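Every chain is named by a letter (A, B and C) in the order it is written, and numbering of its residues begins at 1.
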């Protein structure tokens, strides 16, 4: 479904990602793990074209994404939940969802119902200004906003960051549910233990390079991951 | 004696209220553009001047029906707003903020001079006189009443648009987080251009109302441009509600000050009030 | 002979006024209010002369005091409360409008929007009166404005010397950084503002005496304030001679077009000027002289590199 082939990217001439090659197949949940500053966010930003790759190719459902501007990506079926949620703080939670459905206005009411079924909490908070939602609610709202466009592929950037342990649990529960609904998910996480329970496969990114990949079980069992990241 | 005095004062206050509506409308487009794009159009009043000339020529020279001439003027100024953004603002969008202010100042020079060149310096008048409306002892110009009504209509219309429509929501959203708008499938450049056209359209609406009350000449922009900026700043740049309140405060200063002294003194008092307020509430009356 | 002299006087006088403005402008203090100081200078002197027979030399003292007070009353709170950028520009714009409107509103004394003429002092064939600062020939004026212009450049130099480039840069770009290297930002800005205001005020006085006419629209208000800003931008505000180049450029453009087309196209110069301003700000934000110097430096570097 998504093929990233030897992609490199950087900021103002300083490279942050080198020769990244990865693939996401339809129906899969794939994780990208790695330490701070590894380039995980950069990878997602390249996929949704917020930054242009300096080399390499991207394709989605067989069609190249070269030359596709950032604002056309969501129309192709890729929705991106950015790092730190980035809700519009002075819009209400429902208005945020409306922005998510900007390109899919016709199906807004129907999508809203689906999303509220998934996140009943958001329905209670629909008229509340997003800036005053709790951290967990904000993360739900950010994910819900991305789902409003009816994506085929969902990019999640550290959905558990900055949340209390209990809330982290429920967010991963939600991610599992979303995967079960048939969405294809590419998720970036530092909470490796948790994310490996949710995804089918994962890539390990370090210093801008993909250094390892494999199924969730393989990675969980890999000694270097156990040592460096799982603290075993 | 005191009775007559009171009724004239009341008349001044009510006229100030009507003027406030007009000033509120004037500040609306400027505030919208600033709130979304973060750029002050110093040439805003000159856009309005263009609209006034458009109404004048279409109505007086080409004998269009007045309403049609006004609609055309609104469309024209909307187009000017769009052009201004695409060709003047966009190239300096990432430059120093002060350059954005200055570049529109260049446009001010250009429009004012071009109007002198093309239309000459003589004053032009639409020749439409609306009757004055009497209310007991007091009288009000119908043009002002119409302007007040249209201004309120413009305000309510804009508010509905911003709060109800997708585009309006996007316009509000983009001022809160420009960088992630593409993730919503929104092209920020397009929203900016549309906002500019909308701001221009509001300037066009203002020009239709001003042309009913004032003569047109190439430097008319200088006579109400400054006050429009000050209203926006006093209300908090980009804060439309604040601008609305500030417009009515200013209008009262002008009307009541003009009642006791000369009109210019009314302005002087309003401007000094503005400067004093800036030191008390630098981010506007509703700012934090 | 008179015409070139007249041009030279105007270029130097405006060059001086633009230089005064740039003292602030290059620190990021973009003032739209310098029309106020020019107007205070022009009107104070002419009014004191006309109504009280006070010599412009004494009137100048009053005008300086007045300008300094206004500069402090506006400047201090602005710098104290960090009113910068757009807000500073618009507050100062209000100031220049206030002065213009006061000159108009006090029409019983000032002649309102028709302006006023200083009472003539040159009766029965006298050609010069230093006391009244009126001269019938242009030569004394050329000497006066040349001296003033040189003085303006000297002040620019002194400001550079006394504060140091680094400190200036620090103030304009990073208030915190400037404060941390021990510069009292508010005081430094205020000092520059007062210097700039007084110099502009002096320019206004001489302008009024040279033209023997004051008018609210030509010595104060937003139009004249914008003219200063844009003259400076055309020339370049970060180099010492930039403002003068801007003055020369705008004046010669206007005169050139007037010579070419006569008075057939009254605002042609301003129209072209407006377009050029827009293009300048977009493509040449350092101004004519700034860009030229940069180009020259780059060319020299290129020449030096292979050797």
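Heads up, the rule we're going with is that a contact is a pair of C-beta atoms (placed from the backbone, for glycine too) under 8 Å apart; a residue touches a chain by one contact, two chains touch by 3 or more.
All figures in this text were calculated on a predicted structure; none of them were measured in a lab.
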Chain nearest the overall C-alpha centroid of the shown protein atoms: B
Chain located farthest away, centre of chain B as origin (C-alpha): A
Pair of chains ranked first by number of touching C-beta pairs: B-C
Centre distance in Å when chain A and chain C are each reduced to the mean of their C-alpha atoms: 57
Inter-centroid spacing, chain C versus chain B (mean Cα positions, whole Å): 30
Distance from the mean Cα position of chain B to that of chain A, given in whole angstrom: 44
Interface hub residues of chain A, defined as touching at least two other chains: none
Touching residues (chain side chain C, partner chain B) in the complex: 28, 30, 74, 77-78, 81-83, 85-87, 89-91, 93-95, 97-98, 101-102, 104-105, 221-223, 226, 229-230, 233, 265-271, 273-278, 280-282, 285
Contact footprint of chain C on chain B as seen in their complex: 40, 88, 91-92, 95-99, 101-103, 105-114, 116-117, 121, 218-219, 222, 225-226, 229-230, 233, 237, 261-262, 264-265, 267-268, 271-272, 274-275, 278-279, 282
Complex contacts: residues of chain B adjacent to chain A: 166, 169-170, 172-173, 176-177, 179-188
Residues of chain A that touch chain B when the two form their complex: 48-50, 69-75, 79-80, 82, 86, 88-91, 95, 98-100, 102-103, 105, 145-146, 149
